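The first chain written gets the first letter, and so on, giving A, B, C and D; residue counts start at 1 in each chain.
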Amino acid sequence: MATLRRPSEQGWDRRVQWPLVVVSLVFVAAYAWPILDPELSRGVKRSLSTVVTLTWVVLTGEFVTRLLLARDRWAFLRHHPLDLAAAALPIFRPLRLLRLLSLLTLLDRVGRGSLRGRVGLYVAASVTLIVFTGSLAVLDAERGSTGPIQTYGDALWWSLETVTTVGYGDLYPVTTTGRVVAGLLMLAGIGVLGTVTAGIASWLVERVEDEGEQEDLEHGNAPATATDVQALREEVRRLREELAQRGRAGSGGPPA
Amino acid sequence: MATLRRPSEQGWDRRVQWPLVVVSLVFVAAYAWPILDPELSRGVKRSLSTVVTLTWVVLTGEFVTRLLLARDRWAFLRHHPLDLAAAALPIFRPLRLLRLLSLLTLLDRVGRGSLRGRVGLYVAASVTLIVFTGSLAVLDAERGSTGPIQTYGDALWWSLETVTTVGYGDLYPVTTTGRVVAGLLMLAGIGVLGTVTAGIASWLVERVEDEGEQEDLEHGNAPATATDVQALREEVRRLREELAQRGRAGSGGPPA
Amino acid sequence: MATLRRPSEQGWDRRVQWPLVVVSLVFVAAYAWPILDPELSRGVKRSLSTVVTLTWVVLTGEFVTRLLLARDRWAFLRHHPLDLAAAALPIFRPLRLLRLLSLLTLLDRVGRGSLRGRVGLYVAASVTLIVFTGSLAVLDAERGSTGPIQTYGDALWWSLETVTTVGYGDLYPVTTTGRVVAGLLMLAGIGVLGTVTAGIASWLVERVEDEGEQEDLEHGNAPATATDVQALREEVRRLREELAQRGRAGSGGPPA
Amino acid sequence: MATLRRPSEQGWDRRVQWPLVVVSLVFVAAYAWPILDPELSRGVKRSLSTVVTLTWVVLTGEFVTRLLLARDRWAFLRHHPLDLAAAALPIFRPLRLLRLLSLLTLLDRVGRGSLRGRVGLYVAASVTLIVFTGSLAVLDAERGSTGPIQTYGDALWWSLETVTTVGYGDLYPVTTTGRVVAGLLMLAGIGVLGTVTAGIASWLVERVEDEGEQEDLEHGNAPATATDVQALREEVRRLREELAQRGRAGSGGPPA
């Protein structure tokens, strides 16, 4: 579960969570707007670019703060590869949106659910965010190139066929940045396939085992529980007590 | 198993099941005919369109009735996302055919089988229905567009390569509606891959465990069953009884 | 294991196995030759066609004989869908080659191996045969059409990218027969993916459980075995015997 | 674990490991340089070709030595199919790089980790090496052909979409050698998908079982451990001792 909750950083996390979500949304809006509407005037574009830089400074500053607060900094870096990449490399910036995943931990606190259900929820939310941010990033990289991905609709459709590993080939990235984004989407797709399969497999294995246990119960082949053995010890203890009593009674007076 | 049988609605379900299957088939025939034969005369097309609207009203009415009868309406909506989509959005209308899956519950009542077998049957039937209805829906969306999918044969072949995530790219949808249908087919494909894998994995895990248990049995390492412990308690109980008898015999008269 | 060995038919199977393998190989040679070398003279082509028909009669006759010998004929048909398809439909004829899989049962008798190993061997052999026969069948269907698959090398390459669900789209079938063959290859591919994953999953689950059991053993948390309880019953039995002896000694004479 | 560590050859392995890693790196440098820079002068190309031949002789000689040292030579060949192929067939030569995987066993000795973690590390490292060597090999085969793969960047991108089974089809090999390399990449991709899925499945199954055991513990339904039964035997033994003492006390003098 280590990847789902990280208790050591929860104090800081809780205080800055909501402001960071707001900053992330501002970042995404300022990042996405000029990509989705390339006809914007120069002035607006420059202002949005400033907003992107400012929010990037805030988000990276927060990441560095958390890194300095962490007890084991190497472990922290190892567990936050996406944050590290987003802080270091401009092309990973849209991954900032993944921070919104932390909102799911709120759901986690309120709702209850099976482990499988929660894992499924994380995966579905991650994939949705990855597809949307991947579309933005690939459109940003491909627009203006000779590649076939030139509108957000196309980028979204391409993300979908990539993440499901279908890959028709009607659309594909041609720039290096676009291909790096594609690689991340493919890895995400393998993760999704794996998690869906694992979820169904775990459900099936559990159900089949339950059926087997039910049968065992009906045929008296259920494994002995600690409670069974406890009852037996109780029986033996009472036997000893009775013997002790009789022994005392026996030594209290002659049997005849 | 919650997704396979829903006991709370079985009363209403049983009475309306057969009429609904008939209405669904009429709906599908009236929906599919003008798609498969675009040369139909205007009058026939208009009549079929009326039949589609009427059956849609009946099927949606039935869905609303079941929603009102449900004890927990939010849970009901959450468990019937396809029905909800089919009632609300015209492009999901062909999903009505999925209602035919309810016929499988009849098979379920008659036949017996392992959980794996029943899950496999549901998946195979769902995929077959999804491929056929997906072909219809995508052809309806793509016909007349500039895309390469223009005949039912092509639509069927495209559905097959999409649901298996092969995706040659000789055919692909270009309209938004067609791409939404493609997304549903891809998700269905991931589900199929996952269920097939999970079924084989569950079978293998079970067989390997059985072999391990067989070996354990031969080496006397089988876990103690509740029956084993029960036999032991019986032994101790008899010991106590004998002691009690001897004790009574001992205090009843002198031993010599 | 029902799908791997079918004990009820082993008597007949053993006697006709070798002749059938020879007939199958003759069938395949006569079937494949004119596909691989379309420049053959008319006379040779006609002779090979006669050989295909004759071997088809023999192989189908053998299938019908086994069907008549089977105790439960519906079950027999249900367990041999490929044989049934190959007997009934000309396009499934190359599936005859799958009969060579029965040779693996010979290996099975000689060698010993884990269940996983044997399943893996069957899958690897089936896929190899399916890829080679699928290439033959698709080339037979596509040669002369407007599709891009025109040589055996291309057909083999196409089979490989189909069975692994990669599907570049540089080659794809355009005839209905070719697409049916493609569908079979895709299903085989899903089966392969599923079996490989299931094999690895089963191995991992077993190893992780073994590690857990090892730890349990070291901490004394291993489940009680039937042998443990048996030892305890022995202890109680001896206690009863001693009590019985002392009781007899006690009643044989005064303690002092 | 047989495939991860092979204890029988560890003596020889340990002494030659580091020299072989150096020879492998020299081999790869001499092999890759003319592929990545086709503008090299003839003299340099000839020298590099000599280096490739020399290192090939060393690496193959080492393989033959290990084969002769092995107790069971057939088993050795069966467990080293890649080494055999690399020694026998020129197109498999880049697989020599896979020898670098043996460096992971060093990590293995230093670090500790769960089985899943180590399997994941092997798979990730193998895939990375396979993608890079596959790109080299395919570029070597395709450069100069009419196929679309003509630069190392394209070859790397093509490897990535092949190993994840996405297969857009914007790039594909057209030479036989290139297609054999593609086949190896596809098989590697299936292995990756399978291992990722198996890892997640094994984690989920374990966690769900742990939750079940936790619940069992809370409800006293945990299986009886060998320790439980041991405690019970101790109880019975003490009972026998007390009886024996009382018996001796009883026979030592009259109770009254």
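Some notes on this structure:
Note that in this section a residue touches a chain if its C-beta (ideal position, glycine included) is under 8 Å from a C-beta of that chain, and two chains touch if they have at least 3 such contacts.
Note that the structure is predicted; figures quoted are calculated from it, not measured.
Between the contact lists of subunit C and subunit D, the overlap consists of A, B. Remark: among chain pairs A-C and B-C, B-C carries the greater number of C-beta contacts. Seen from the C-alpha centroid of subunit C, the farthest chain centroid is that of A. Counted by residue number, the contact pairs of C-D are over half the same as those of A-D, the matching pair from A-C, A-D or B-D. Averaged C-alpha coordinates put the centre of subunit A at 37 Å from the centre of subunit C.
Centre-to-centre, using mean CA coordinates, subunit B is 27 Å away from subunit C.
Under the contact definition stated at the top, the residues of subunit B that touch 2 or more other chains are 165-169, 193, 197-199, 201, 205, 223-225, 228-229, 232, 236, 239, 243, 250, 255.
Here subunit B touches subunit D in the complex through residues 165, 167-169, 197-198, 201, 223-224, 229, going by the rule given at the top. Within the complex formed with subunit A, the subunit B residues making contact are 1, 114-116, 119, 162, 165-169, 172, 174, 176, 179, 182-183, 186-187, 189-191, 193-195, 197-199, 201-202, 205-206, 223-230, 232-233, 236-237, 239-240, 243-244, 247, 250-251, 253-255. Partner subunit A is touched in their complex by these residues of subunit D: 153, 157, 160-161, 164-170, 192-193, 196-197, 199-201, 203-205, 207-208, 211, 216, 220-225, 228-229, 231-232, 235-236, 238-239, 242-243, 246, 250, 254-256.
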